[in-house]
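Some notes on the structure that comes next.
Here the chain labels run A, B, C, D, E and F in written order, and each chain numbers its own residues starting at 1.
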């Protein structure tokens, strides 16, 4: 096992490295280093590459950006090549993924910013770097608008969003999650990020997103999801259900308070699923699509062959 | 001015006396004492009664239970009566209001409990004594069900609800407000209270209620509002809009945090309005009605004459 | 116990007497005879009347027309009257109920017929005498329309409806229940009956009604419910849930077929509940109301006092 | 036949007297004069009264305000009274109707104005004096808002509305009817009048109203109907369908143009029917109701007895 | 004409060979045999191939699997090849279609089974081998769930479904079609097959499917369609409407019964069309897509050239 | 600058050349002539070509058919070719665009006509040659149907439509725009054109289209959009919002009338945006797609590379 890979894997596991984009890039970086440092036969190279890829995937099996990073790098790998070409090719693909990841958020910001108009009031949820890229890019282009950030219980990521926006100088309002429908009649846009996009266009995102989208739909307010294409989940094509993590109840209530209350069960799902009919469009770095066209992104990126195993699984 | 009235008024103002039902009853009690203690001419009695009523109404002009309590007591007052009859009549009406208020929550509990079935999963919001009366009465009748309490940001009244339910021995789950749609697919009922019911059946209740009702409607889950008839707002017949109080932003975020974030506006409306089409039925102590029939309760209680001033305003 | 009462009760129990309207009328007739034939003291009369009423109610506790018939007769009974007045009064009320029942279907037919226009295509479900009264009255008035009868599995009451309509000379189509949405785009009206109407306007009727109403709503086709006021269920004001009878599975499948198929459970609920928002109006003999105004019929007929026990229960 | 009655009837027929409210008042005035001037026996008085009422009703059988005016006047007429009491009573009722009609629009203006808030954008359709009373009263109370008037093809009554509003000094926009949805996302209220309100809460108003209401509903904009209670149509309780007049096609297109185009059929219905679920509330002079409670107004005004013939029809 | 082709054609016509998948495979098999047995010139081969293909297509012009089977086999046929290569190529394609057809149902079963969770209650309609493959595969993987089969009037294919499920040991309930909405509140999934999928994602399936899908949508229950890609209808791209066959009325009612009833018209459409917005996803052997992405499957399989005639039509 | 290009540009600017299709074709024709007439070096040719293209684009920057015409011609241009090949290639592409444009409307007519059935009632809006091609083709194929044309205020293009249809001999009705919902219950199809189609399937068309589509959706009437693929807007992939032109208020009202009315603002947007969920399918010359698959057309025509500048912008 490669030393760098082990190091990176450990950091992903203990969440020193976190955030979908960062995980994807650090994975690519580790593979690049592995390729650069490897010495041995071609046969050994391939065997080692597979082992190290499997190791990385297993550190956080539900993070779609991690496996999509590996898929991107190894997609068109031709094992018939000689070792040096193979190595060079993988290094190039790794670098390209990092580059792509770095440019995607910027690109999404530019595309999405075009949808914001002067005078808009925009509601957002949680703390998505893609959604923020859209909002900030619009602001830097001189657009004049106002943002309503939901606080996003239980972890208050809405405060981070509010802080980032305030620092930028954007007019910002903070509301409790429950006040969304109260203000929705005055909104012009809802802009949110995504943790994963499924084959039928359903969007997995921070708990509370699906109810925000429903409230927006009822009020005829457009819902824009901002997501890089490596958030699209290829295994959902084969029917895989994206698991919804349920997090520690201590995020919701303190131990003392819980003891006081009595024999209560505190439920704390971290994400929910928004059906495609509540979403008006998804902004990716490849352009705007309707959520129902998600399969097109997936097939373009990962091909039609469902039976083709990932390289590291063969 | 009557000493007791002043005392009661002060307590209502500084919120020593609070909760719609309690405010109504204490108002009635103060009027009763005033009648019992008054000595003087009939003319003085009437003059004083008006002054004292006006004083009480002004301590908390938006509390509909306060003015409805006075309306109940003075509804059919015949100033042609002689003083003793008048006094006796008012005392009787005051006592009857107190009695009615005490029995209404109990009655609503009994009626509403009939709607709960074994195996039901029920979501609730905030901390409504009427809604809790329905849930507890059902439990005491031996029904076997489970409750999901939303924490109800910003003031976490959902924790009070959770505590009350746990003490009763009812199976209880606590969730953040945003998780409502995540769990809604598994719910069978939503039961909530009301701060006020308008002439067209719209229900004013704690912020977050209208979005819960929308989420329930989308999932074909019945929404039951539990509310005493003195929550029905007679002035809405004349077009009065029920004002939505916006509370101190410190309920949402600490001063330190706000300073850290920067130039942000924190919005904190205390209530929202749920349109009648999201509500399946209202349980009152007079029975179950559809929200669109709210005007019937109002006209039965307060009559058809819009121009008739309240006694204390003449 | 009165001989006639026992006889009538037996016939209701074994379904010799059936159909909501008939049950109501025969109940009234039996009470009338009891009053006419009774000899004894006033005290005995009252005691006997209660016993006989209770006996009748218990023969079919879920038939709302039976208890509503008794409620109608005994509504304003003044036990302070002397025996002869009491007796006479009850006889008159019994006769009036019978008369009212006989005229109600006719009246509903006349009112409802006004809603049918030349060229209409009307869908109906099951075999409701009120709905048929509307359709036939319109035809006899010379209106030219066409009816689509759903066969109404499992008992094919739609065939009875089709037969009645054909005999009348009305252009009639028969379809399987599943074809309702296929034809709905061409319909102008849906006309159905009711087994019971709840306090919030929900309508209990033959299984399949709620899905027909939903399909009609989606296609912007008016849904008319035709129901006598004694189908309105006073106990639902107090939260009583109308129980849905589940009938013998042999109605759905033969024993042989079931045996052939294997270890299967056949579910056969007889009724379903249509929410008021799927119904455009209810035609009663007192006129047209929106379903949400159902409580108004109930309060007008049965008063506001929820605690008032039925005479026979005191 | 009374000379004044004949005169008034003629003017109603040839539309010298027009507008629902005016027709109602002039009807009352004519009856009053008839009563004052009549000399003869009581029997003759009654016979004449009936004849004259019948005559008036027949001048414009579809104008609900005409017959409702007569119904109001003759509602509680007691033919057992002696002539002078009868006469005096009818004169008093006539005067009261006129008074009521004169005050109703004002009252509706005051009630409805409470629903308008500073900053509102309001869309209206056609040229309703009740809707205008609401808007103008709000303006005179110092509220700051903006109105969008649809031009209301084919007769451009929207121009009259726009003119009235402009003269008042209210900020006014004119749009073609088709642009309603384009602007609806920015509206806060839709305020319209009614030609008639049916027993189930459906509202008959100028063609284009139902589509405006649908567009508002889709965008979660409240729809307020402003209508005097004598617009409520008692005969709809008995199932009467309100007929929709189809007007001359020359209102839509010139004869020349039509000839140029060729063999074309021009359709020109004058009114349409808005279902109650698209309306948030109706403002009457008796207060605000939900449309589904329309039957309550009708029963309060015209009673429960469907078979009771109008006095002039007996 | 080839003997085998004639034989196969006859069997398809008289429905000895039936079921979309089987028809497709037998068509392929017949073409394969034709290719193997043919002796003659290349020119004759091509002429004969066309004739035989045309003959087969005409035996059942509405069966999309038949023409799609031929399209698959002849898709990339290069008539410039010499006879032996041509023959070999066609034989290989025929075998590949058979193989593909055999594996598709299995693959769909595996993909779809991933969407079923322990504790699910699933409703199905008619008797689809794809839908059953999904359900059975999930069961064989050890999932614990329950199925509700609608009987599917008029031909009761639901009984066949129930029988298959029972034999497998799956907990199964049978209901009449009309009871679907009654049970829908307790369902977690609806799984159905398809007879054809149109270019805009509309699904043609057994009568009653569209209303089941509507009922599911209303209750927020996911609707899964299971269909092989050769059910996607390439001619719908060019606007062809899929014809809905109306079957013999004797399927609905016996001749005797009809005679008894009188002059009645019995309507009996065999299929209906479910719009894409009622369907959550389609499971194909190529993976999961949203119905709106149906065109992508069609263009990938059949290309973009609308004017390209099928080989046998040139 | 080329003389022909200047001439064509001038005509486009002053609207001598107008209509999306014509603009596209004349653009192609001018480029063709430029290529044929050019004499000079290859370097000059390329420089001139760019200048002339830029000039044309600037004459009407919002006309998507103009830039799409240039994109089509220059799509695969290889500047490495020698001058003669380059020139020949561009001439061929220009001719092909003209041909394609000429055949697209015809092709759309044929495809769309398949969706019309005997007995259909079809509503249309404005005056779209694609929509008319569908309707007329169906008529010429012998289909028997009826059309309702909305007059399309403010410019009455509906009269042009009506005229064209009448001349063809098609049964035609004309209505004011506001009467759409009144007649919608009787419609079977809505067929409209498009000015532009966005990446998420939203359709920009004449003002009033989105409300017609909403009204149709409410009534379960299919909405068909007929549009050539060069109406699909590639820049919307990158988030560009299609600007909605607001036209001269004199289209709505005369100067005299406006002066009479007073200080009024007349709003007159020319187009609106119909969201994809109100549209059932789009007919293009490449076949039928669901609106959500619009991105597929765009990516097939214009590729995936968002950063690739148009040839004339480099």
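Observations, loosely collected:
In the analysis below, contacts are C-beta pairs under 8 Å (C-beta built on N, C-alpha and C of every residue); 3 or more make two chains touch, one makes a residue touch a chain.
Predicted model only: the values in this text are computed from it and were never measured.
Using the contact threshold fixed earlier, the set of chains in contact with both subunit C and subunit E is B, F. Contact with subunit C and subunit D alike is made by B, F.
Interface comparison, C-F versus B-D: the higher count of C-beta contacts falls to B-D.
Rotation angle relating subunit B to subunit C: 120°, from a CA superposition, given to the nearest 5. Computed from the mean C-alpha positions, the centre of subunit E lies at a distance of 37 Å from the centre of subunit F. Per-chain CA centroids place subunit A at a distance of 44 Å from subunit B.
One simple way to say how far apart two chains are is to compare their mean CA positions; for subunit B and subunit F this gives 58 Å. Touching of two or more other chains is recorded for residues 218, 277, 290-293, 296 of subunit E.
Taken as a graph of touching chains, this assembly has some other topology, since it is neither a line, a ring, a star nor fully connected.
Checking each pair of chains for touch leaves A-B, A-D, A-E, A-F, B-C, B-D, B-E, C-D, C-E, C-F, D-F, E-F. For subunit F in complex with subunit D, the residues that touch the partner chain are 148, 150-154, 159, 162-163, 166-167, 171-183, 207-208, 210-211, 214-215, 218, 244, 252-253, 257, 260-269, 272. Residue ranges of subunit F in contact with subunit C, taken from their complex: 184-185, 188, 218-220.
For subunit C in complex with subunit D, the touching residues are 107, 110-115, 117, 277, 280-281, 283, 285-293, 296, 300. Those residues of subunit F whose C-beta lies close enough to touch subunit A in the complex are 198-201, 236-241, 275-277, 290-296, 299, 304, 306.
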